[in-house]
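Shared chain: chain A. Partners: chain B in the first complex, chain C in the second.
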Partner chain A sequence: MSDILTKAGLRELAKEWIAEGKVVAGPVQTKPGLVLYAPLASADDIVWEGFVRPANSVKEFVFPRHELLCRYHLEGNRVELTNGEAELAAQILLGVRPCDAAALPILDHVFNWDYRDEAYNRRREATTVVTLACSSHDESCFCTSVGLGPQAERGSDVMLFDLGEEFEVRCLTDKGRALFAGKTQASERTAPLSKGPKPRFTPEHIKQFVDEQFASPFWQDETLACLGCGACAYNCPTCHCFDIVDEGNSQNGERVRNWDSCQFVQFTLHASGHNPRPEQGSRQRQRVLHKFSIYPDKFGEILCTGCGNCTRNCPEGQGLLTLLTEIEHAG
Partner chain B sequence: MSQANQFEPKIIAYVCNWCTYLGADLAGTTRLEYPANVRIIRLPCTGRIDFNLLIKAFEIGADAVLVSGCHPGDCHYSAGNYHARRRWILFRDLLDTLGFDLRRIYFTWISAAEGRKWQEEIIRITEETRKLGPYRELYQKNGFRPPAFPLPPKLPAPDNSRMTANEQRLRETCTRLLTEGTVHVVIGYGAGGPVFIRRAEDVGKLVWNTDCQANLATYLKRKEIRRLGKAAVVVKGCDERGLVILEKESQVDRQTLRVIGMACDGMGQPKCDTCEVHQPRFADEFIGEAAAPTPATQHAAALDALMQMSPAERMSWWAQEFERCVKCYACRQVCPLCYCERCIADKNRPVAIDTSATPKGNFAWHITRAFHLAGRCVGCGECARACPAGIPLGLLNLTLARAAEKHFGYQAGMDPKVEPLIGSYALTDKEDFIR
Partner chain C sequence: MPDIYTPDLMAVVGVRRHTPDVKSVRIRFQSQERASQFDFRVGQFGIFSAFGYGESTFNICSSSNWKDSLEFCFRKVGRVTEALWRVEEGDTLGFRGPYGNGYPMEKWEGKNLIFLGGGIAMPPIRCAIWYALENRAKYGDITIVYGARTVADLVYVNELEEWAKRDRVRVIQCVDPGGQTPEWKGEVGFVPTVFERAKVAAENSVVLVIGPPIMIKNTLPILDKLGIGAHSVYTSLENRMKCGVGKCGRCNAGPVYVCKEGPVFTMEQLQKLPQDY
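Coming up: the complex of A and B.
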């Protein structure tokens, strides 16, 4: 037994959500050859097929690339602080890939570890994740290497499975049930298990290698092609580094939080001019180390969901997978 | 007192210390009245005015901006105003493409003796701006959806058999260079992206096919690569134009660098669409003969279509495009000509360009990136190819390339003997928009 909903029915439902003032976001064909997660102006804008996964990630909806933390006003010796955004609409992320959804519980750790991050948590609580199980993958995908897969449920409130004209709907949380209660029909049809990409490496090997080979010339030799942009980190569902800056003048301004990336020279540059990660090799090493050793040591899970966005977005065709397969062969 | 709701334009005037500031001073001492709408900012010289200041003025609420300095020939630093004039000719076209309201930007020459001209100009500018009303269109999305631009054409796929033959010749050439010890490393294309071949037995990793899109000249700026020793770099005609600029700007030493020029019939990519150099011209090693180039103008057609819109529509269109910018700086990092040790976007004491991915921060960054490449960009199209958000950055570069050609007959990286466009000037530079 399963619950199903026609695709047209889901579209109507999305229209209702938008009409209720909820933010509904999903994969949108931004331009030919480019699908991005974006807020839907209309329920018809969402695209369900014809691509493997969007080029960006849904982290943007809980951890925006630019977030106002507070406004300041200085007058004489007086400082006046006002909060950032007041109201936050409920948001529904629709057609999310399992590798994106799985990143959200990972991000939860870091934003609730030694400090409960208000800005993050309020967005996170306002968010319901409706995931579409994958039916295709490409050569950049490696979810199966990090313990996930095309039908992984981690981080999702609802799972959808494509049955052609309908979706099979599996509600996993109360948030999810609240959205679909009474909207689905009982059916005998269930989605078949789908196969993910062939595993490319074992995370234990990677961890062992990065822990043992910190000073290896491997890092420098294998990362020569990296140009040091943030295309990998900014489109990664799990990368979460940020920078807090004040923008404004001596009277009025804003304190904002912007994304940052360990691949930038300036990320670790000291005021003295010294840079503890002086080369791209050490910056790339940091990225792998953080994802496969530091984070697992601290939180017990890998900081990577195998979405492959780093590879797809790298202008020079590199990405984590390139390095990880090299490590697998070297180790 | 006038009615409280009457619009009083704010005008920011960037003036040079030696002529226009004294002209304005003279207007004051001779008791010439002019509207109090103008706020004067004194700078050493018009040549010293970073054009980002114009943009900043609008961002903080200016309704019009004036730049004014010494008349041609009168500059107290001999040529500052000539440099300003040349830069302004190009910058104007860039702002036009971005949809700025050019009616709100004024450029004049006012000498220390022209107190009356200062008075007249300020009266005129204030009146004209009052008629235009407040500048509300800045960075605004007005919901305007442009007609779909012509899609980049599917260029005929290059002949792969010719490419395979050239791939073989490329490997032979690199074997020779590495065995003879002429170079220590060959920067070339591999199956999964750029490769850096240091041993002759590894030349089999080099490939030559339609995936060889990257401009490898960009690696010459990286210290990680420079450390590998004397290099040979595999370039296409478009990439090689970048080398011409890099050499002109003392960034590469052609005495030690070996250039392997690959004939290229186009990679079947949008960026090949405006390419005029299929055959490298200054390489040390030439491989292959390019077929006659197919003239294609679709990319240019997209710019034409953009320019058919009104300025407010263009600005709205760019605001929508820039909205997707995440500030990953892939556009900067892939560009062979963006080689500054510390980019202006990374300056934080004080901040020159907001790091925030807001309309303000995004416009500031993309204007700066494009303008710092004025007269330098060779149109290799790497910025647009690298952009994960699919922002057509090439249109900004194309605007400036067209402006350089139209106003100065200049094409970057075509002729190594020609003086760089920015950094030089001519007494004959057109100034029909300057009063």
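Coming up: the complex of A and C.
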């Protein structure tokens, strides 16, 4: 037995959600050849087929690339700070890929160890994740190498499976059931299991290599082509490094946090001029180290969901997968 | 709910110029309530801000026994410190903290303390020196070797002179060769060399050494020769930070987040870390 909903029915539901004032976001064709997760102006904007996955990730809905922390106002030598918190609308992320959904519970760890990051948490709590199981993959996908897969449920409130004219709907949480209760029909049809890409490496090998080969010329040799543009990090579902800056003048302005990336020269540059990671190889090493060693040691999880966005978006065609398969072969 | 990134508002209660490009600023909580709740350990750091310019990370260089105000010291090198340079008494700054682990002052009780500092590294040592002097009976002999490039680059000079008058405190000031003036009465030479020449008794000692990487590197073999083990040699790392609370992903040295597990480490701990600081 299963629950199903026609595609037209889901479109009608999305229309209702938008009409209720909820933010509904999903894959949108923003220009020819480019699909991005974006808020839907209309339920008809969402695209379900014809692409493997969006070029960005859903992290920006819980961790925006530019976020107000507080406003400041100076009157003489007095300062007034006001909280940046506007009311948050409930948001529904629709048609999310499993490799994006899985990133959210992974990110919960870093934003909540010791100090709780309420800016992140309140967005996270306002969000319901409706995931579409993958029915295709490309040569950049490697979810199965990091313990996930095309039907992985991690981080999803609802799983949808494409059955042609309908979706099979599996509600996994109360948040998910609240959206779909009474909207589906019972059916005999269920989605077949799908396998996803062939595993490309073993995470334990990567951890061992990066822990043991910190000073190896491997990093510089293998990343000579890297431009340090940060596209890998910006489009990664799990990269979460940020900067805090003031924007405004000396009377009025905002303290904001912006995405940052360990691939940038200035990321670790000391005021003295000393830089612990002076060349691109050391910065690429940091990205692998953080994802496959530091994060697992601290939080018990790999900071990578195998989405392959770092490779798809890399102007040099590199990305993590290139490095990780090199490491696997270097052994 | 107050956000972890929203700073406390602090009134500037004192500004002191130490060198042509180093100043220290004393600040006080505007909120009585926050002031009464606040406590810290010497060796911890804060994130200080000039509104409109941004935040910067500095050690809290006052003693934790001084309840009236906090102090930080900085060199004018960038956007935020240029703005802090213009601050006057009565102005308002932002402060977040205290963050990090601090010095294990309790563990150092009963030991002789050796402080080795270079240049702008005096402030993070100064808080520990004052703390030890304010709990004098708990600590043994105190040796302070402090050097800078030139005489004009030494900071907290008057306090160095004050410390030198105390019982069982030896203060050695030095400047790099060529940095002396005709009136200079201190030593000429680099901190590691001057320290070696001073023949400080090493028994039952802990060392706090902070300064440029080259100074620390050249000091370690001397400490080793004196028989002071790496577990008794402490330093404070200065990795770049933004959040201070283990989230922004910037300050890690290999597996450790300097803002949370540091900034204070023993050399024994650092020897196990990759060269990422």
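A few notes on this one:
What we mean here is this: the second predicted complex is superposed on the first by the 330 of 331 C-alpha atoms of A that agree within 3 Å, B and C clash if a C-alpha of one lies under 4 Å from a C-alpha of the other, contacts with A are read in each partner's own complex, and residues count from 1 in each chain.
In this section, a contact is a pair of C-beta atoms (placed from the backbone, for glycine too) under 8 Å apart; a residue touches a chain by one contact, two chains touch by 3 or more.
All values derive from a computational prediction rather than experimental measurement.
Judged by the touch definition given at the top, the superposed model places A:87 against neither chain B nor chain C. When the two complexes are overlaid on their common chain A, residue A:245 makes contact with chain B and with chain C alike. Judged by the touch definition given at the top, the superposed model places A:56 against chain B, while chain C stays out of reach. Once chain A of one complex is fitted onto chain A of the other, the partner contacts of A:230 are limited to chain B, with no touch recorded for chain C. By the document's definition of touching, of the two partners only chain C reaches A:289; chain B does not.
Counted by residues of chain A touched, the larger count belongs to C, out of chain B and chain C. In the superposition on chain A, A:165 makes contact with neither chain B nor chain C.
Residues 243, 245 of chain A touch chain B in one complex and chain C in the other. By the touch criterion given at the top, residues 151, 192-196, 214, 218-219, 222-225, 228, 324, 326-330, 332-334, 346, 348, 351, 354-358, 361, 382, 385-386, 388-390 of chain B touch chain A in their complex. Those residues of chain C lying in contact with chain A across their complex are 1, 3-7, 9, 49, 51-55, 75, 77-78, 81, 88, 90-92, 94, 212-213, 238-240, 242-243, 245-250, 252-255, 260, 274-277. Against chain C, in their complex, chain A makes its touches with residues 69-70, 72, 74, 77-79, 81, 83, 110-111, 113-119, 214-215, 240-246, 248-251, 253, 255, 257, 260, 262, 267-272, 274, 276-277, 282, 286, 289-290, 293-294, 297-298.
For chain A in complex with chain B, the touching residues are 30-34, 36, 55-56, 65-66, 220, 223-225, 227-231, 233-235, 243, 245, 247, 256, 258-259, 261, 264-266, 279-281, 313-318, 322.
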